[in-house]
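Following this line, the structures themselves.
Below are two complexes that have subunit A in common, paired first with subunit B and then with subunit C.
On to the complex of A and B.
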């Protein structure tokens, strides 16, 4: 700590240069924070079905191809399957495409039985839902977001399913109740969820009647998941609708990867940013050391050893990079709510920002190494010769 | 140990310095012999290129000879490795430069405190010692000023305070008045004289200025890397 005033004062020797360098690192770490959080969110999905005892069965060839509803009975008959339910992708939004709603047509009994303990919904609201054919249960966050109230009739626009009666893509639901996530960590994942009756959906759509998007199963013994998956898939082997059963989290990953390898794209962007930053900051540090070679020689004359001079320059680099990283990561943390809105349904976690400090330290050591070594190897007499 | 060696602070014995330029060897110091007793204020005079500063740098342990021995306080300082040399300089040598060489981003106080950062002194002890050094050179009231807010004479006083703060036995001064006007130069030289006479600091000073040399207790002349006979003055 006793060297801090020296390091700090040296860092701010050329204020404009330091501010611009700091800003460039701040921007890089802001980008790092945002992209890393998004990458983390996509590679650790927690939305929808979760838990080791949950399986998802989709069409073997693509999750966009449907499966016959009738498969449900056969899946339920597989030993070890405690419950099975079926769902389809509705692809809905409210008024504008940016107002994404994770609307799911579900079979009430089997869905809530399978997801027992995951939702908090009052008996009154559940009963109202059961009694209302056009009823929908919306997450309380969704109600708040769009200002919906119990009793409201709300239109949702499907991007896929046309209605049988008028050919439109607009579906109307009665909000009869709300629910929230029992596990607070799932709150974000469920924030845009709206559940409505599968019967209404199946009877109302103009095509695809009797088909489902995918099945979800809960097994009695999670350790038997692999064997049960094989048994389910064996049931439909060589049929027109072969299946692929996998753990629920793997399904969520596969769903996300339809968008492309997000992780690779994000890492490529970050790689380019940090590669540029290495040269920019490295050059600045090198220039800074070059400008004060006589001063470093004076420090050595006063008794600062080679190792200490090396550490001083590295500390300066560390201070610059870590301060900038903290500012950048703090800004990206502040932006989380905005990103959350942009990526509706994706849960973001600040823990993804922690590796940023490690990256900052690594960056500092890399960019500080060359100037620090130069300072360390400085010959006092030669360095002073220019400024005696 | 003889009385004489106890009395001698610096003993330069057969020191040579040679540079290689391509295939050519250039001898800049040849078989140099010099004794500086404790408590002496020695002025080394000579024209540019006489290698006064080369000798001074060796005495200050920031340069090494090609051959010969140089004992300071009976220690052969050229047996030290780089780290030991650094520690030696910090504890035993105060260096005063012609151009002050203060760190421009630090205040006078922080500049003077620098050598003490390398010691085990606490922050309050460092503060006490730093202020004592600044007071000794008569510049305590400028402690919070940066070098660009000081006159040349004031800056050199700060530099002297920095050289003194770790209480070294030996002060080496390389043209300490070279960048000062006559009055400031006389003030600085008077200060060095006080430090020598009243505080027992041994001083080796390189200078071009005969008036500066008049403040010293002994004057030696160098030319072309050799010490001239005591009392011999070059005709410039």
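On to the complex of A and C.
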């Protein structure tokens, strides 16, 4: 540590050069931070449902094919299933297609029992919802987004379901209450959710009566998930509607995987960035050592051992890379809220930034290796005589 | 002045090999930026091409009103009968309208590389398929037969998903379907799909209606007449769109996302590369300090020196741009990828590095080079002659 002033001074020997090198490393780590958090978010999704104890049952051959409502009783009778509920895809939007609303028709008792403790909703709102056939509970973020107030009548357009009474695609709901997610990491995923009564939906639609989109289950023991999944699927094997049951997280993950190999694209970009950077920084370090050869020779004359000179140069490279990495990662941390707006519903975890420091150390060692070795092997007499 | 300029530029280029390390930083830095920019944008271009090529101005797609996409739409048999009688549709020799009633569903098929299930469109098509879509060619195996469980797979789907070669059997909802052929279709979105007889698909998924109807008009100009006839019919509630419009709307969101991501990443990288260029050019100017001072001392002007530094930076970055764009073209042009398209189903498309993209990349390279060369060039031009000579 006593050599810190020396390392610091040599680092800033040529100010402009160090500043520019520092800035390009900062930029690389800014990109690293941003891409890494996005990659992390995509590979660890937190969809609408969380917890290892949740399962999702869909039609085996296609998520767009429905399942019979009657399956619910059979699923509930499977040992280990604590609760099962059914949901359908409503495909809703408000006024314009870009105003997507994640409207879900749900069975009140089983849905809230299954997600016990996951929503924050006042007893008063819950009671109003139970008492109003056309009632809906909207996420408080959704209320804010469209300026809705409790008591409003809101028309939602479904892209799928026509109504039995007038054949139109427009459904009207009474906003009787609001809810929010108890777990703040779920707030983004649930920001456009609106819940309404399955009974209203099933009676009101002109086709598909008695069918459901998918089932969700909560199991008593998460470690038994796989066994319970196969037990559920066995119930419907060889029926016209075979099922596929999987952990809710896998279900969300499968969806994200379908977007294509995002991780591959991000890693390819990062690879290009770091290769470029390696070259750039390596060149600067090499140049800086070359210019300092007489100084290093003086250090050696004063009695600095080969190993110590090697460590001095490596420490300089390390200092440069780590300072730059910290600045870059801090900048990308500051950018997280902006990315969150761009990628709606994606949860970003700052912890994805931590590996960045490790990458910086690695980078510093690779970049510093060649110049450090050169400095170590320096022959005092030749160096002082300026025979390079 | 010109003589001076050519002399200075000639000298700077001649000494370039001595500064190979610093110079290659510019080339490689900029090549990296351009390669990333061009590859990411090639993804957007490829996706847009695939969807844009799916349309013909004289072909129309009819959906139930307010449905947005085929998967959500529902037309009854009587709707389709009414549509087939509308004016403006082309007719075959026997006077039947060239209209394909279609039923779209999504089936799970594992992806070739990861083995995870992906949503692939299974499209039931009417008997008039080959006349409505003349670009569709079965190039391996044969066409499916109606009323039996046979299907043909698009060439894109056959490459990206497992078990889609001629003769293989696909188990879909209690029944085995045989893949009888592979078709190409001008590189459009249908190449990502599976096609089968519409009524066989309907009975398999227990649906009696259709998702959409696709018709060939007598000409692009007949669109207005055809649309009016359908939208003024009180019995029908349908949306009528030309195919190119429908598919453009389907591709808009994803293309936008790709472009935003590509440009943002490239801008950030470009800033990094610019710092690299600044560094290299400053060191180039420093290395040539004595040479430049000598030139100035024997009467060369400041401007030729400034221009020569700029030109050196420009040439190096141009080289970087060309290398980057070539790398992107070499590795990614024609590379097939698939993603979830606008309609819940996989769309297979190819990265397409177009000439316009290469030009964009090279322009970016030149801008980075010019900005990176400007300040070092100014320093070179302002170099105090006496001091520089003495320092050496």
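The criterion applied here is as follows: the second predicted complex is superposed on the first by the 286 of 388 C-alpha atoms of A that agree within 3 Å, B and C clash if a C-alpha of one lies under 4 Å from a C-alpha of the other, contacts with A are read in each partner's own complex, and residues count from 1 in each chain.
As a convention for this text, a residue touches a chain if its C-beta (ideal position, glycine included) is under 8 Å from a C-beta of that chain, and two chains touch if they have at least 3 such contacts.
Given the structure is predicted, the values throughout are model-derived calculations rather than measurements.
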Applying the touch criterion given at the start, work out whether A:21 contacts subunit B, subunit C, both or neither, answering first, second, both or neither.
second
Does the superposition put A:169 against subunit B (first), subunit C (second), both, or neither?
second
Between subunit B (first) and subunit C (second), which, if any, makes contact with A:280: first, second, both or neither?
second
Quick one: classify A:10 as touching subunit B (first), subunit C (second), both or neither.
first
Which holds for A:82: it touches subunit B only (first), subunit C only (second), both, or neither?
neither
For A:362, is the partner it touches subunit B (first), subunit C (second), both, or none of the two (neither)?
neither
Is the number of subunit A residues in contact higher for subunit B or for subunit C?
C
Taking the superposition as given, does A:234 touch the first partner, subunit B, the second, subunit C, both, or neither?
neither
Once the structures are superposed on A, label A:307 by its partner contacts, choosing first (subunit B), second (subunit C), both or neither.
first
Under the stated touch criterion, which partner chain does A:295 make contact with: subunit B (first), subunit C (second), both, or neither?
first
Using the superposition on chain A as set up above, list the residues of subunit A that contact both subunit B and subunit C.
none
In the complex, the residues of subunit C that touch subunit A are 21-22, 24-25, 28-29, 31-33, 35-36, 39-40, 43, 64-69, 71-72, 74, 105-108, 113-114, 116-119, 172-174, 205-206, 237, 260, 265, 268-269, 271-273, 275-276, 278-280, 282-283, 337-340, 344, 346
Per the contact definition, I'd like the list of subunit A residues that touch subunit B in the complex.
2-3, 5-6, 9-10, 12-13, 294-295, 298-308, 380-381, 384, 387-388
Subunit C touches which residues of subunit A in the complex?
16-17, 20-21, 23-24, 27-28, 30-31, 35, 60-65, 91, 97, 157, 159-160, 162, 167, 169, 207, 238, 240, 242, 244, 254-255, 257-261, 265, 268-269, 272-273, 275-277, 279-280, 283-284, 286-287, 342
Please name which positions on subunit B make contact with subunit A in the complex.
53, 57, 60, 62-63, 82-83, 86-91, 95, 97-99, 101, 103-106, 110, 114-115, 117-118, 123, 126, 162, 166, 174-175
